[in-house]
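As structure tokens, here come the structures.
Common to both upcoming complexes is subunit A, partnered first by subunit B, then by subunit C.
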Partner chain A sequence: MPEVIIDGKSYNYEGKHKLLQFIQDLGKEVPFFCYHPSMSIPANCRQCMVKVGQYVIDRESGNHELDDKGDKVVRWFPKLQTACNIDVADGMVVHTQETDELVRRAQKDNLELILINHPLDCPICDQAGECPLQIQTYKYGPEGSRFEVKKVHKPKRIQLGPRVVLDAERCINCTRCTRFTEEISKTNQLTITRRGDKNYPITAPGTEFDDLYSLNTVDICPVGALTSTDFRFKARVWEMNQTPGIDITNGKGCNIDLWTRDNLVLRITPRYNKDVNDHWMPDSGREAYKLFNENRISRPLQKLDGEQILSSWNNAIATFNEQIDGTDSKNTLVIGSPHASVEENYSLAKFSNLLGIKQPVFVPHIVEGSGDGFLISDDQAPNTNGCRLLGFTELDVKSIKNAVKKASLIILLSDHLLDRGVLSEKDLDGKFLVVLATNHSHTTKLADLVIPVTTAAEHAASYVNVDSRIQRTFRAKETKYTNRRLDLEMSEGRLDRYGTNFDNWVTEENKIDCLPVWRFITQAASARGLDMVLTEGRQIMEEIASSLEPFKGVNYQLMDEHAGILLKTETELKESVKQ
Partner chain B sequence: MAYEFTKEDLKQIEEIKSRYPEVMPATLPVLWIAQNRFGHVNPEVQKLVAHTLGLPQAHVHGVAEFYTQYYKEEKGKYVLDVCTCLSCQLCGGYDILHYLEDKLGIKKGETTQDGMFTLNEVECLGACGYAPMLQVTNDQYVNHLTKEKVDKLVETLKKGETPGYEKIGMPQHENI
Partner chain C sequence: MSTVDWKNYDPVLIPDIKDLHQIDVYIKHNGYKAFESVLKDKMKWPDQKSVINEVKEANIRGRGGAGFNAGLKWSFMPPSDGGARYLACNGDESEPGTFKDRKIFEYNPHVFIEGALIAAYAMEITTIYVYIRGEYRVYIEMMEKAIADAYSKGYIGKNILGSGFSVDFYVHSGAGAYICGEETSMLESLEGKRGYPRVKPPFPAQKGLWGRPTTINNIETLAHVPAVISKGASWFKNIGAANHPGPILYGISGHVNKPGVYELPTGVPVLDLIHDVAGGMRNGKKLKAVIPGGSSTPVLRADQLDGITMDSESLRTVGSMLGTAGMVVMDEDTDMVDVLWRIAHFYHHESCGQCTPCREGTGWLEKILLKIKNGDGEVKDLDLLLDLTTQMEGRTICALADAAAWPVRFTINRFRDEFEARCKKSAFALA
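The block that comes next holds the complex of A and B.
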């Protein structure tokens, strides 16, 4: 097998590799800025310099030539090479900054050069704390600068588009952002203007950087030149904690990270998943942080004399049960939701099953033509396939209206059917409407009983995306009833770990008074003396996997190990049954 | 003003495109055609070039901005690029520049009211041996400048004539 010697250690390899990526995959490091594994390699930052050569072989004997000390002689390339664009070759000898003074010196000098015109405004820069330039300067950079004259000034605070702000002085011209618009989003909206020490990225005059994926450039910019208009100056990165999650704003289920501080989600960034979204996500998915923070329903609401008032959980559960008891199960309609997780839908279905109520129905939320074939799907909901695989009856607008007409008690899970124009106020006239929901909406306003439930940021639950891939979320945000310090699956940021409840930045109101659907259902069931205990997503998924064919073999551990599992689609399942 | 290529321009552009396997390399020569036609390649002209070639506007903009020889705004009929880089500076480049500023009544970077002259200060144009020197509109060099020579040049240009190319021999041939 071909072999490469890096810093004196030999590694075997197969296939084609770029040296920088190869070194990274080994868990080692060479500093770099412009290289990005999903884009072309321009090798323009010159930071990833390493020394590369081959052992000298004596032609006659075929043995390695040795020097006086008995070490193998290496024939080095006459100049240092950029690791990002050089192919690993058999017998290659590589010295990185770990073992070579020249390489250390080159990397240090390159940083000094890059920093000549850099404003060094890290104390007020959003990128500080997660800035490759800052980190690598600490690790490999010079102690100071020998540059004593005035820096070149460039435009600052340019609103490139609705969501991205440019500070051209911070830019190191790595061209990651322009390559992104050329190669990934393919809008070609950005270019580098001017040249030499005056260049920076910009749109063509009179055009806007309104790319639907524009915020990805903020993520990949290795300095603070591109920042998010929305997130600018909101938080220092080290104050937040980062929890993996799934984008719930459309059917693709992009893997994301939720960044929270004081139980508010402050920003959403993509999380790498080579089978779903690579390193990217649409800007629209990042807006979802508002759903988690704002306009939340906290404490149950009950309608009294035509007006919704805050109620207690006990009251809410009692009313819920009374209504079920008082209604013929034939007249009870349970509506599941493509906007809710598999576990939530399942809990509701199990409950209604025990009570002899028909299997829940659901209305897909698909807007034909709104997708782009990349990471934005026509499907506006994260779990349409989940509802299908649970065996829920799929209804269109007409048939749901009919079903509603026949029912007198309607239990609706996390789906704002009025807001999205499926039902009208008239359809619900004279019905008792129970809504389990996360946010206030026109639909919840009409409800007779509103049960506040957890969002994807507050529960661990799974969603089946448009490609039938099941993926799950983690708890990122505490509710009134959860506690970061006791819940081993929740991440803790610095402030969470070292702060106390008496610190003035701890805001109790940021914890919403809501329950996971399954908790509410379990309480309702136990109040009725039903033997049904659903504790958390992990256990529910095990139960689902053991009882429902499409989910066979699925569990959280597997999902975590493989970043989601591809399920058989409905049609594939039918086919396999036929065979 | 809406910019449009003439039929001949378009024919020439087609011919240029056919020289390359892809369209992108045609950007430079087509920007030249545009500049020769309109006297500059301002953002509107860049847009025209982009549309004509079916290339992203941002790309054409980036290319045009990279080269100082493309004028991104309207300039005077004659653009005088006076070199003040090292050799020219030592031989009086700044005197020439200031003399021109006074003579034309404009500062460097500006254009005369009548739209005749634009005056620029530029870095080395590679004619250090004939310093001080200037270049007329991306084209002819005028070397060994003196005030008299500048006067003459301005007169010539005002008449609508160009100074013509100068022939300068090598010192060792003693025919300077």
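The block that comes next holds the complex of A and C.
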């Protein structure tokens, strides 16, 4: 097997590798800025310099040539090489900064040059704390600067598009952003303008950077040159908790990170998953952070004389049970939701089964032609396939209207059917409408009983995306009834751990008074004396896996290990039954 | 050392013939005969390879500065797969001190066109581009006319002279960027992109214009080809310096009485060029320094020039290069600090900005030199300058960082006294 010697240690390899990626995969490090594993390699930052050579093989004997001391002779490249674009080859000898003074010196020299025209405004820069330039300068850079002349000045605070702001002075011209629009989003909206130390990325005159994926350039910018208009100056990265999650605004189910501080989600960034979204996500999914903070329903609402008033959980549960008791189970319609998780839909279905109510129905939220074939799907909901695999009846607009017409009690889960034009106010005339929802909407306004439930940022639950991949979320945000310190799975940031009650970032109002769907259902069931206990997502998924064929073998442990599990689709399941 | 007999040399690239730029005059003086013989004389030129071998044998070392054997370069082209193959002719010449190709565009465009056509035939090229510096507006128009004339005479186009060989010829104007004279960024520019040099490998012969095999030659290099074909490789090889043979265009500028472009053999003594060819120093001043081949080649002091001839071997012995043979001659009144600052200013202005060391380094070099020029420099700044040159050299994609660093390194090393004299006196002077 071919072998490569890096810093005196031999490694075997197979296939083709670029040296920088190979070194990274070994868990070692070489500093770099412009290289990105999902894009072309421009080798322009010149930071990943390493010393590369090849063992000299004696042509006649085929053995290594040895020097006087008996060491193998290495023929070095006359110049240092950039590791990013050089192919790993058999017999290659590599010295990184760990073993070679020349390489250390070259990397330090390069950082000194990068920094001469970089404004050292880290204290007010959003990138500080997660800045490759800052981190690598501390590790490999010079201690001071010998630059005693004037820096180059370039435009600052340029609004490139609706979501991205440019500070050209911070730019180090790695061209990651321009390559992104060229190779990944394929809009070609950004290019480098001017020449030499005056150059910076910009849009063509008269156009704006309104790429549907524009915010990815902010993520990959190795400095603070591109920042998000929305997130700019909101928080320092080290004040926030970073919790993995799933994009719930779209059927693709991009893997994301939720960044929270003081129980507010402040931003959403993509999380790498090679099978789903690679390093990217659409801008639309990032806007969803507002859904978790704003316009939330806190405490149950009940209609009294035609007006919704704040109610208590006891009253809400009592009303809920009274309505079920007072209605013939044939006239009760339970509507599940592609916008809610598998666990939430299952809890509702289990409850209605115990009461002899028909299996829940659901209305897919698919807008034909709205997808782009990349990370935006036609499906507007994160869990359409989940509802299908749970065996819910799929209804179109016409048949849901019929079903609603026949029913007198409607229990609706997390789906704003009026807002998305499926039902009208007239359809609901004279019906008793119970809505379990996270945010206020036109639909919840009409409800006779509104149960506030947790969002994907407040519960751990799973979603089945358009490709039938089941992936799960983690609790990122506390509710009134959860506690970060007692919850093993919740991340605890610096402020959570070391802050005191006197620190002003502990705002009780940011904790929403809501319950997970299964917790509410369990309470309603126990009030009726039913034997049904659903405690949390992990336990519910185990129950689902043991009782429903499509979810067989699924559990949170596996989902976490493999970043999601590919389930068999409905059609595949049917075929396998036939065989 | 045998001296080159340059006094009896008869020019072939820019001979003294009136209106040679007109195609009829060119044809009357045996123009396009070499191309015709390559196409038709199957006895002499049985196949394309025989043409390449003849050019390789002549050892035409690229006149664009790198000095690589042109025939050898041609032989790197992979066998034709029937698809597009390109010849890109580099007429971007933008380096300060270099102004030789314009002479060809102006006085004898057809010798270049003929050379390019022979090259195209030898390498089975389908399309030729000639990339001309944007500032050469008038020569661009002249070249366009010359090419149109050659089309109408049937030397370019489909099935040329009934031989079955077809080729197209286009003029492409640069837009004022020095970097586009670097061969791979010239390809980018030809493709309509920003002129950023490409990472090599892959080399242009494998993946050039639009990912297709491409050869890039300097204008003067190609202009030598017709003579090599008609007079033979041995004729060419016996002219000038043994290791760097052939005629060459010397562009002599600076403080001489008769600056201009002179066609002479390679290997002419530098002092002969200054005192005899270019008419001696202006106003009888003393010679101080010479930049032998364009601003990026290391400057030479007058006392280094004894017995030095204009070819790469001889110049290497005193630590310089032939480059493009664009000599800049400087007399005793020249301020080397000013000269170096101006050169540094040029490279700062022209760095494309792709690689860090060049983008940032060229600006830093210029700013320090400006400080020294203004009398605010300190001696430690000179050492910083030298340090920066090592930080830039050999650490970038193309050779522009080297081109920017060398003048700084060698000018300071060779005229250090003058630089130190311009620096502030130290507050802690020892004596």
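Simple rule for what comes next: the second predicted complex is superposed on the first by the 562 of 579 C-alpha atoms of A that agree within 3 Å, B and C clash if a C-alpha of one lies under 4 Å from a C-alpha of the other, contacts with A are read in each partner's own complex, and residues count from 1 in each chain.
Just so it is clear, a contact is a pair of C-beta atoms (placed from the backbone, for glycine too) under 8 Å apart; a residue touches a chain by one contact, two chains touch by 3 or more.
Only a predicted model underlies this, so the values are computations on that prediction, with no experimental measurement involved.
After the alignment on subunit A, I want to confirm one thing: do subunit B and subunit C clash, or do they fit together?
By the criteria stated at the top, subunit C and subunit B clash after superposition.
Where does A:238 make contact in the superposed view: on subunit B (first), on subunit C (second), on both, or on neither?
neither
Tell me which partner A:194 touches in the superposition: subunit B (first), subunit C (second), both or neither.
The answer is both, since A:194 touches subunit B and subunit C.
If you stack the two complexes on chain A, which partner ends up touching A:205: first (subunit B), second (subunit C), both, or neither?
Only subunit B is touched by A:205; subunit C is not.
Using the superposition described at the top, determine whether subunit B or subunit C touches more residues of subunit A.
Tallying touched residues of subunit A, the top partner is C.
Answer with first, second, both or neither: which of subunit B and subunit C does A:77 touch in the superposed model?
neither
So, does A:117 touch the first partner subunit B, the second partner subunit C, both, or neither?
second
On the A-aligned overlay, A:147 touches which partner chain: subunit B = first, subunit C = second, or both, or neither?
The second partner, subunit C, only.
Once the structures are lined up on chain A, find the stretch of subunit C hitting subunit B; candidates are 153-161, 189-197, 225-233 or 405-413.
Only one listed stretch clashes with subunit B, namely 189-197.
Counting contacts the way the document defines them, which residues of subunit A are shared by the two interfaces, the one with subunit B and the one with subunit C?
In the superposed arrangement, which is not itself an observed complex, subunit A uses residues 191-192, 194-195 for both subunit B and subunit C.
What residues of subunit A sit close enough to touch subunit B in their complex?
Touch list, subunit A to subunit B: 178, 181, 188-195, 202-207.
Going by the contact rule at the top, pick out the subunit C residues touching subunit A in the complex.
Against subunit A, the touching part of subunit C is residues 177, 179, 194, 196, 199, 348-357, 359-364, 367-368, 371, 384, 390-391, 394-397.
Quick one: which bits of subunit B touch subunit A in the complex? Just the residue numbers, please.
43, 46-47, 50, 56-62, 65-66
Can you name the residues of subunit A that touch subunit C in the complex?
Result: residues 41-47, 49, 78-80, 85, 106, 109-110, 112-114, 116-117, 146-147, 149-150, 152, 172-173, 191-192, 194-199 of subunit A touch subunit C.
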